[in-house]
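In what follows, a structure is listed as structure tokens, so that the remarks can point back to it.
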Amino acid sequence: MDSFLPVQVSWTPQTAASGSDFYPYTNNAGTVAGISGGDFCVMAADTRQSFGVGYLINTRYQPKMFKLSNGSVLGTSGFYADGLTLIKRINQRLEWYKHAHDKEMSTPALAQLLSITLYSKRFFPYYARVLLGGLDLEGHGVVYGYDSIGSYEPCLARATGSGGSLIQPFLDNQIYRKTPLGILQAPHTLDQVKAVMRDSFTSATERDIQTGDYLELFIITAQGVDVEKYDLRKD
Amino acid sequence: MGSFVRHTLTYPSYMKFFLVLVPCIITVLIMFRNQYDNDICTWSPQGRIHQIEYALEAVKQGSAAVGLRSKTHAILLVLKRSSGDLSSYQKKIIKIDDHIGIAIAGLTSDARVLSNFMRTQAMHSKMLYNRPLPVYRIVSAIGDKAQANTQHYGGRPYGVGLLIVGYDEKGPHLYEFAPSGNFFEYYAMSIGARSQSAKTYLEKHYELFADATLDELVRHGLHALRDTLQQDKEIDTQNCTVGVVGEDQKFETIEGDRLQRYLDLLDGGDTGQGGETVESMDTE
Amino acid sequence: MDRFSGNFDRFSDLFNPYDSNPTNANHAIGDFTKCTRKPLVMGSTVLGLEYQDGVMIAADTLGSWGQLARYRNESRIYPVGNFTVLGAAGDMSDFQHTKHMLDSLMIKEYYTNDDHVLSTPHIYEYLSRVLYHRRSKLDPLWNTYVVGGYNNGERFLGYVDLLGTTYQSSIVATGLGAYFAQPILRNAVEGREGILTEAEAIEILNTCMKILFYRECKTLNRIQRAKVTADGVEISEPYALPTEWSFGEGIRGFGTQTQ
């Protein structure tokens, strides 16, 4: 299921049988998505935590998005323990930054910090699919997408996690306006983006068993971060 | 084999005078100097360790810091110094964590080392236990560090005193930390230059502090701080900083224009009475 | 690694690529530094729920050695401090190590002598950091823990496993209990945490443990319960759940009946 994982290459059954039968990862999955607008950014994640491949729901409400500062929000899916550890590490780095500079770190700087933090565990990666959303130095919305070892790029709209492959094409259509007629640029209001987000997660919940229960929206504007919570299917 | 050239040193005749005088002066100095204060691990016959006492003196070189607490808050007030009109004021209040802050008097660089250590301790607690570090623990941790510096040859004690305020599960706290490694908890305390004047004020009024509102507490603190000033000086928004922590209030510093509101609470006298919030507490 | 919950504590005869059956002659001799990667004496399900007075957890008292019901009086519930209780599934020697570790921690806290006591969320965080640290060293503590507590009027019930995965919920079930008991617990408890009485909570846990005993081979009907309330931790003596097998008489292929 997660053929992506680089460590699995060195983790063959042969090596496992000869030494260890312990595999240090699991996938608690869930979906995270982010859409950036002219002066806002909307981050979204479901709150279900699953027990790896066991068709089990650990809990229906374990938030996986975290406010890092007044202008940025980090969402994680994948291995929950890694995601949580990553968040704690980043938070402590931010605290030192604040002590040293007496201000909060900007979102672009945070994006780079997140990248090097992920890369620092290049050979035993945090199995976390993360998305960083916020406002850049000019106050425009921005979303950074990552892989687990720190490659990243800013983008308009990005979805990741177990429902990411279901949502991303929808965002390509609705936000990037990639249609058979070519790329149509359309302005997005906050309300439109919120509606797209809610539709995305409703649909992903229909088809992905690891997504569901509740949807949390973090809306980042110059005024700060607002949190909204919606119901999703619980089956 | 080469030739040797003899250089003849010549010097003025009055140097002979110095050659006699200098050893005499040294001899006299040796006779009268303190023989027991050369390093940190030598006792004097009177049972004192002079290097520690010198370090305690360093605290008194720093400008004053005042701390006091009520049932809900603990606050710090400091008088900042600048080296001249062209210089900014030296920062004297340092945030350690959301629930702890310190005021310093003495060597600023030593304080920076200590505060970084305290921050590390506080973060360690949050990482490992998800718990804001109890204030006592962080103070005893630097107490132990400072004590170690008083026992090893070649080292020196920290040259800085701290007032530590914090709010934890047991409420607000105020501690004084000294380079000797000693620390005590107080209702109110002051350290630094002319801090005895502030202490006098605090001793006179401390019974009012427990039930005081934050505004009243700050006003008392400002009064005490003002008493440490030299004759021709006055506290203003530039040379003063206030640090506040309390119930549902993360540690924050108040300075600059935000301080004006509190300075306005001060009256002309030094009685601790007066100002508009005083009515309710006029029970002394 | 096969830690798919159903097999997490089982040694399958058909499919066992990692040779984790302790009865195999090669096991547990040789490379001692890796022994905790192969659990030996295993405990099974732990259940936990929140109710109106606090939290309650239950576990049976069996320590299995492979398929053998080796230790029948293995207590898997342990108090940590006055208002926290720990329930353990998985390797019992790792559990004993954890008990020792937490005892040391609590003693260290106590002799600091500043009236500060680690409350349940703090103990839970510590335990989860330890488990995550050990998994990161690829030397896991092979356990799933349920941490219950009651502090300052707040209930706490959390789960942490050998990978460091954590979640808090008003019901928790480990091992096969996650399949058999979790749905029952969700129906009976969720949304009713504040009104569920102690008697009802006991009844729910007894029912779940009995079902697990009927369905899971590595379970006993001898169980222990613990509750944490404003009065502190109370752990019951082990007691037997009455079971009913007579319905098997009429079933062909059951027991001694061969025709």
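Each chain carries a letter (A, B and C) given by its place in the written order, and its residues are counted from 1.
Just so it is clear, a contact is a pair of C-beta atoms (placed from the backbone, for glycine too) under 8 Å apart; a residue touches a chain by one contact, two chains touch by 3 or more.
If you want to know which protein each chain is, UniProt gives these names: A = 3486_t:CDS:1; B = 6694_t:CDS:1; C = Proteasome subunit beta.
The shown structure was predicted, so the numbers you read here are calculated from the model rather than taken from an experiment.
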Legend entry - Between A-B and A-C, the pair with more C-beta contacts: A-C
Legend entry - Chain whose Cα centroid lies nearest the overall Cα centroid: A
Legend entry - Per Cα centroids, the chain farthest from chain C (Proteasome subunit beta): B
Inset, instruction - Mind checking the centre-to-centre distance between chain B (6694_t:CDS:1) and chain C (Proteasome subunit beta)? Centres are C-alpha means, answer in whole Å. - result: 52
Legend entry - Distance between chain centroids, defined by C-alpha means - chain A (3486_t:CDS:1), chain C (Proteasome subunit beta) (Å): 32
Legend entry - Distance between the centres, which are taken as Cα means, of chain B (6694_t:CDS:1) and chain A (3486_t:CDS:1), whole angstrom: 46
Inset, instruction - Mark out which residues of chain C (Proteasome subunit beta) touch at least two other chains, giving numbers and ranges. - result: none
Inset, instruction - Can you tell me which residues of chain B (6694_t:CDS:1) touch two or more of the remaining chains? - result: 127
Inset, instruction - Using the touch definition up top, name the residues of chain B (6694_t:CDS:1) that touch chain A (3486_t:CDS:1) in the complex. - result: 95, 119, 123, 126-127
Inset, instruction - Sort out for me which residues of chain A (3486_t:CDS:1) touch chain B (6694_t:CDS:1) in the complex. - result: 88, 92, 95-96, 99
Inset, instruction - Flag every residue of chain C (Proteasome subunit beta) that touches chain B (6694_t:CDS:1) in the complex, lowest number first. - result: 112, 114-116, 118, 121-122, 125-126, 129
Legend entry - Of chain A (3486_t:CDS:1), residues touching chain C (Proteasome subunit beta) in the complex: 13, 16-17, 19-26, 28, 49, 51-54, 56, 58-59, 61-62, 79-81, 84-85, 124
Inset, instruction - Please name which positions on chain B (6694_t:CDS:1) make contact with chain C (Proteasome subunit beta) in the complex. - result: 127-131, 134, 136-137, 168-170
